[in-house]
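Read through the structures below before going on.
You will see two complexes here that share subunit A, one where it goes with subunit B and one where it goes with subunit C.
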Partner chain A sequence: MTIKPWRLPATLAVAAVLCGALPALAQTPIKIGASLSLTGTYAKLGSYQKEGYELCAEDLNKKGGLLGRKVEFAVYDDQSTPATGVRLYEKLITEDKVDAVMGPYSSPITEAVANVTEKYKKVMVSPLAATTSIFKKGRKYIFMVISPAEVYLEGLIDTAAKRGLKTVAIINEDTLFTKSAAIGTAELARKQGMQVVFQEAYPKGHTDFSALLTKIKAVNPDVIAAATYFDDAVAITRQMKELNVNPKMLGVTVGGDLPEFYDLLKQNAEYIYGATQWEGALPYPGQREFLEGYKRKFNREPVYHSASGYAGCLIYAEGVKRAGTLDADKVREQLLKLEIKTAFGEYKVDQDGFQTAHKMVILQWQDGKKVTVWPDELASGKARFPTPAWNQR
Partner chain B sequence: MRRLGLAALAALAVVALALYPLEGTGYGVRVMLQLFMWIALAQSWNLISGLTGYVSFGHVAFYGMGAYSTAIVIVRLGWPWLPAALLGGAMAMVLALVIGWPCLRLKGPYFAIAMLGLNEVLRVAASYFEGLTGGGLGLSLPTLHASVPIYYAMGLTAAGVTLLTYVILTSRFGLRLMTIREDEVAAEAMGIDTHRYKLYAFLLSAVAPGIVGGLSARDQGYIEPISVFPLLMTITMIVMVLFGGKGTIWGPVLGAVLLFTFQELVWARFIYLHQLLFGAIIVTVVLLMPRGILGVLQQKYNLPRTI
Partner chain C sequence: MNPFITPVMLGQVIISGLLAGSLYAMVALGLGLIFGVMRVLNIAHGPLLMLGAYVTFWLFSTVGLNPYLSLLVSMPLLYLLGMLLQRFLVRRVVDAPELSSLLLTFGVSIALVNVAQLAFTSDLRAVEYLTGSFVLGPFAFSKSRVIACAIAIAITVSAFLFLQKTRLGKAIRAVSQSREVAQVCGINVGRIHMIAFGLASALAAAGGSLVAVMVAIQPEMGQVYTFKSFLVIVLGGAGNYPGALLGGLLLGLIEQVSSLFLTTQVNEAVAYILLVLVLLVRPTGLLGGRAS
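Here is the complex of A and B:
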């Protein structure tokens, strides 16, 4: 028999593929699918989450994988749009036939894709969806990891009430997360016996806050609570200085926790309170391992999006381990009763998969450093109070 | 004979598309559903901008209007989704009447800017009227798994606008519109009530975006101001039409199919390259073939106007 010249390499190639595939066939990896925002509005935050997932897979594999199988992530880019996210989860589940899925970035996208994962009865741990309503629609297979938006500023209000402050002004960017945060803050303040003397929203991308701040100055509140992202938090602080609006406490939701906040504002960031889901300095189990692993792999300090992604994946893995199977209903059962502390803090959910144990922390900028000031059991320092005049910081 | 062959081919395509949900995966159905959506949107933009030359830079406003109208009656009044989506189409038409009446008197870039403004105004309005729209919190629709029926509704809408374009292009009405595009002053001199006909075309071009906006809202289950009034969506519509061939019947369909397929295949693998390529396509089309693929073919092979 003569072998045609093209057949030999072809046969060899097939043989090589088969040889390579055989050991893997015995142990096909567990494929976990997710769509994340790698381009578009949420590009940066979505990539941080992806890093968390990747590091988690690496750590799991180092310890022998999950159920004796390797763990692998299949991640697509949803361009920060819910419509694309929906399509991608359909693809992951019905075409790629992944063994499990993890949540996307942001509340709006999670809200949309949860319909798909519920339809196919896939457990979805969603490490970066902070909106309560997503989990209160009777969905069965979705699990929350971070604290809900409503309690972001709980620590600020709590501290203020304990200091005997009476009035609070609340402002927020008008989108899902920040708005929920503002509503929650107002409720907490009322519960603590404080008076909400001013409440107003501004559109996304707003840059001139002078009108808003002038109105606030007129009512002269003890506390200003701002539900912000990053840019608005910086702009509000700057314009408060220009207009000399000086409450006894100023707290922001997102932005105040980032190092860039201090870089841009310098001494004007002093005394300002920020809220965060997580800090590298918090004494949680596995924290050191996470920080070191992250720095080695990505060469910089992690932010909470990475930590939450990492922890969410570990929580799912723990559920699978306890169930001893990937079967959605059995894993769900385990995740519902699981109580665990990861590098991200505590995890425990109610019957809807809604997070009840994870704690927000409030930090304050003191001499260029973030100091955790609330809750007491996690605090690394005392809050500096009250805030002095702008020219004395 | 050639006509018969074409008709047979078209019939075959329709049957294949009608049977697809029986065979296709959930992903396949979603992809086709969104492809239909883009065809309907591109075709609608073509109706006003391709035929009369009035470039609408805010066509997504009608999409958003439809999405909100539909979502509101579903959430607040418990309507079933089909009549709700049809209402979305009607509301978009009402909006087109209110806006088109004054704005279609504007010419050239002024009309384009007015439409761009309309989109921004609607987005802010959707944030502002919280009681009705949920404001920045958005509207969350009750969970419903109806991808397959929505697939058919979306497909019918896309087919409907395409048929409408054919009817218009082969009618006196279409001729009047194209006269306006070529020379509005001459059209007026010939006794065409240009304002009236532009308004008709504008109204017709608003219906389908309203309906598909409603259908998409129902399918996604959650809408917020930012996600239903994105400028990028208008731009995509425009690029699809320019790419396929503006002012033709099949140009928008061709443009939508090619660009959407390209997007679907490429973006997952080369996420940054994909944006670059999209930009490159815009520049290439505008520079090298401003009449689009069909426009070029039309000229070269002397194809009929009604292609």
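Here is the complex of A and C:
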């Protein structure tokens, strides 16, 4: 059989089109390494973050991958310990020779592994590290995604100041994150011209707040800002009612955003302000796709750890896309300049990679539902203000 | 940072202290009873209290039983569990060196907490039954704590009367004074040990049911009560039953009042400093030990 002269160019053309359309299949995939806490104390939260990474890789690959290559995650379990994380990032970079890395879960582990990634000059977007100091040590290749602890209650203070409230009492659990949150809140309050009339820390695991609240009651502040985790937020609320402590606003950092907070306190959670990095209901670009994709893949509602992991990975991908290469210095340059809005909200960092644009949101429990009340542009309802006294509800 | 202290504040913390102290007294009486009768320091006392709290929680959340009525279930249940623990485990270490009983009850304590974690998960639970307070002038009396205090006093007083007046109570005191003599007088010491351990566990269960209404319930909530009870019986004199009452009220008061003057963090240490002082100056406790 003879080859008809027109067939050869046609075949070549078809082949060229196919190659152009499916380059991701033609080249080796981009391997992104990370250690996450899949067992140990942070197990639940670490696996949420992993889900975010996985969903991000899937979404990227659906759109043709990154730089024309497929994206794959190589994830190890650091058992929630910084030392294991350090070992795993060494292994990922030197033995597995991954093309890129993403951050682990939590501040302590990020703090430890950042030394490794800096040593090998690897860009690391860290979606779940909220401690300011990690990013203020002269490190060059690390990027922050979530808001720092210091601004958790910015919205509470801002709302209070706008309503003309003058005095605030600040209490916090005496651990790294809550301490930073309390210090930041005090600073914000002073900046807004409010007076911090009481400030005290209590040890982790504290359950009896009656003496602390008696002291607060004596100074009768307009606002009580509590830098809490979860158990303490519940206990403080209950004991405020028992001691009949009646501020015009009560805000807590962590715990107030969880559905379990209302399950435990029922109607006593009403009027309380909570803070969160992210809510599914916020009108961010790509939010619907994220929620739908997540529900399809994992069959439940996402929490912010997944959303931040997902967004962090997209932010890194965007940096690579703009740089046109995986070269760390070029990607770093792009990530420093980048301003982008993802399903997790805004991203913009200063010269240290420290997050400056992402907004915390403040929500209030109203009739058993979380209503976003701050910032104004994201609010889904009005704050019920002031909080009535316990005996007038 | 301390605001200046007003009489109202002082009054309020004294109220809080006495309310808390009556509960400590009841729970510590159980620990003291076991120590008095069989010279065993029961580290698992707090975890038994935790089980009592879970009994109340489950009865409340499944069949809606009034948490205060659930004492009628939690106390007998834990009485039985206490007897079983004594019969099969603690009995073996009664005459062994004290380290053995410490290790054993420590093990039981870890086991109970972990079983609770497996069975109930470590999620926080709450019995949202009675919140808020009776307000009298400037003072607030937490409703749940006032009721808990009243019930604790009633139970503690009945326990005293039982120990003082009944034949069985006298037998218990006899064993705690001198096991050999009691045995010679025809008292079944093994049986008394079981009953005492059961009673002590029931007291812990009562404590658990009462705090269930006040604080969040989780598997590790109990340990702190082991430590507090230990403090109370050291303050009051180990083996001295009225001493437990005094020690409990005193501990509640000291904890609350001192925290007016100190920061919450420093205050955690106050009770323990006190413990060291009492052991140094008056090792038999304020009322003297073993005088029944």
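Keep in mind that, in the parts below, the second predicted complex is superposed on the first by the 364 of 393 C-alpha atoms of A that agree within 3 Å, B and C clash if a C-alpha of one lies under 4 Å from a C-alpha of the other, contacts with A are read in each partner's own complex, and residues count from 1 in each chain.
Heads up, the rule we're going with is that a residue touches a chain if its C-beta (ideal position, glycine included) is under 8 Å from a C-beta of that chain, and two chains touch if they have at least 3 such contacts.
Fair warning: this is a prediction, and the values are worked out from it, not measured in the lab.
Asks: Pick one for A:Lys166: touches subunit B only (first), subunit C only (second), both, or neither.
Replies: Touch status of A:Lys166: no partner.
Asks: I'd like to know which partner A:Lys44 touches here: subunit B for first, subunit C for second, both or neither.
Replies: Neither subunit B nor subunit C is touched by A:Lys44.
Asks: Based on the superposed arrangement, let me know which partner A:Asp231 touches: subunit B (first), subunit C (second), both, or neither?
Replies: So A:Asp231 only meets subunit C here.
Asks: One more residue to check, A:Ser180. First (subunit B), second (subunit C), both or neither?
Replies: So A:Ser180 only meets subunit B here.
Asks: Output check: A:Lys369 vs subunit B and subunit C. Expected answer is one of first, second, both, neither. What do you get?
Replies: So A:Lys369 meets neither subunit B nor subunit C here.
Asks: Let me test your reading of the model: by the given contact rule, A:Lys121 touches which partner, first (subunit B), second (subunit C), both or neither?
Replies: A:Lys121 sits against neither subunit B nor subunit C.
Asks: Which holds for A:Pro203: it touches subunit B only (first), subunit C only (second), both, or neither?
Replies: After superposition on chain A, A:Pro203 lies in contact with both partners, subunit B and subunit C.
Asks: Name the contact category of A:Thr81: first (subunit B only), second (subunit C only), both, or neither.
Replies: first
Asks: Between subunit B (first) and subunit C (second), which, if any, makes contact with A:Leu212: first, second, both or neither?
Replies: After superposition on chain A, A:Leu212 lies in contact with subunit C alone.
Asks: Can you list the residues of subunit A that meet both subunit B and subunit C?
Replies: The answer is residues 174, 201, 203 of subunit A.
Asks: Inside the complex, what are the residues of subunit C that reach subunit A?
Replies: Within the complex, subunit C touches subunit A at residues 1-3, 5-6, 8-9, 12-13, 16, 20, 123-126, 128, 131-133, 135, 140, 142-145, 214-216, 218, 221, 224, 255-256, 259-260, 263-265, 267-268.
Asks: Would you tell me which residues of subunit A are touching subunit B in their complex?
Replies: The contact residues of subunit A facing subunit B are 38-39, 76-77, 79, 81-83, 86-88, 90-91, 93-95, 108, 111-112, 115-116, 118-120, 133, 137-139, 173-176, 178-180, 201, 203-204.
Asks: For the complex, give me every residue of subunit A touching subunit C.
Replies: Against subunit C, the touching part of subunit A is residues 174, 197-203, 206-208, 210-212, 214-215, 217-219, 230-231, 234-235, 238-239, 241-244, 260, 264-266, 268, 390-391.
Asks: Where on subunit B is subunit A touching in the complex?
Replies: 25-31, 34, 124, 127, 135-138, 140, 142-143, 145, 216, 219-222, 224, 226-227, 230, 267-268, 271-272, 275
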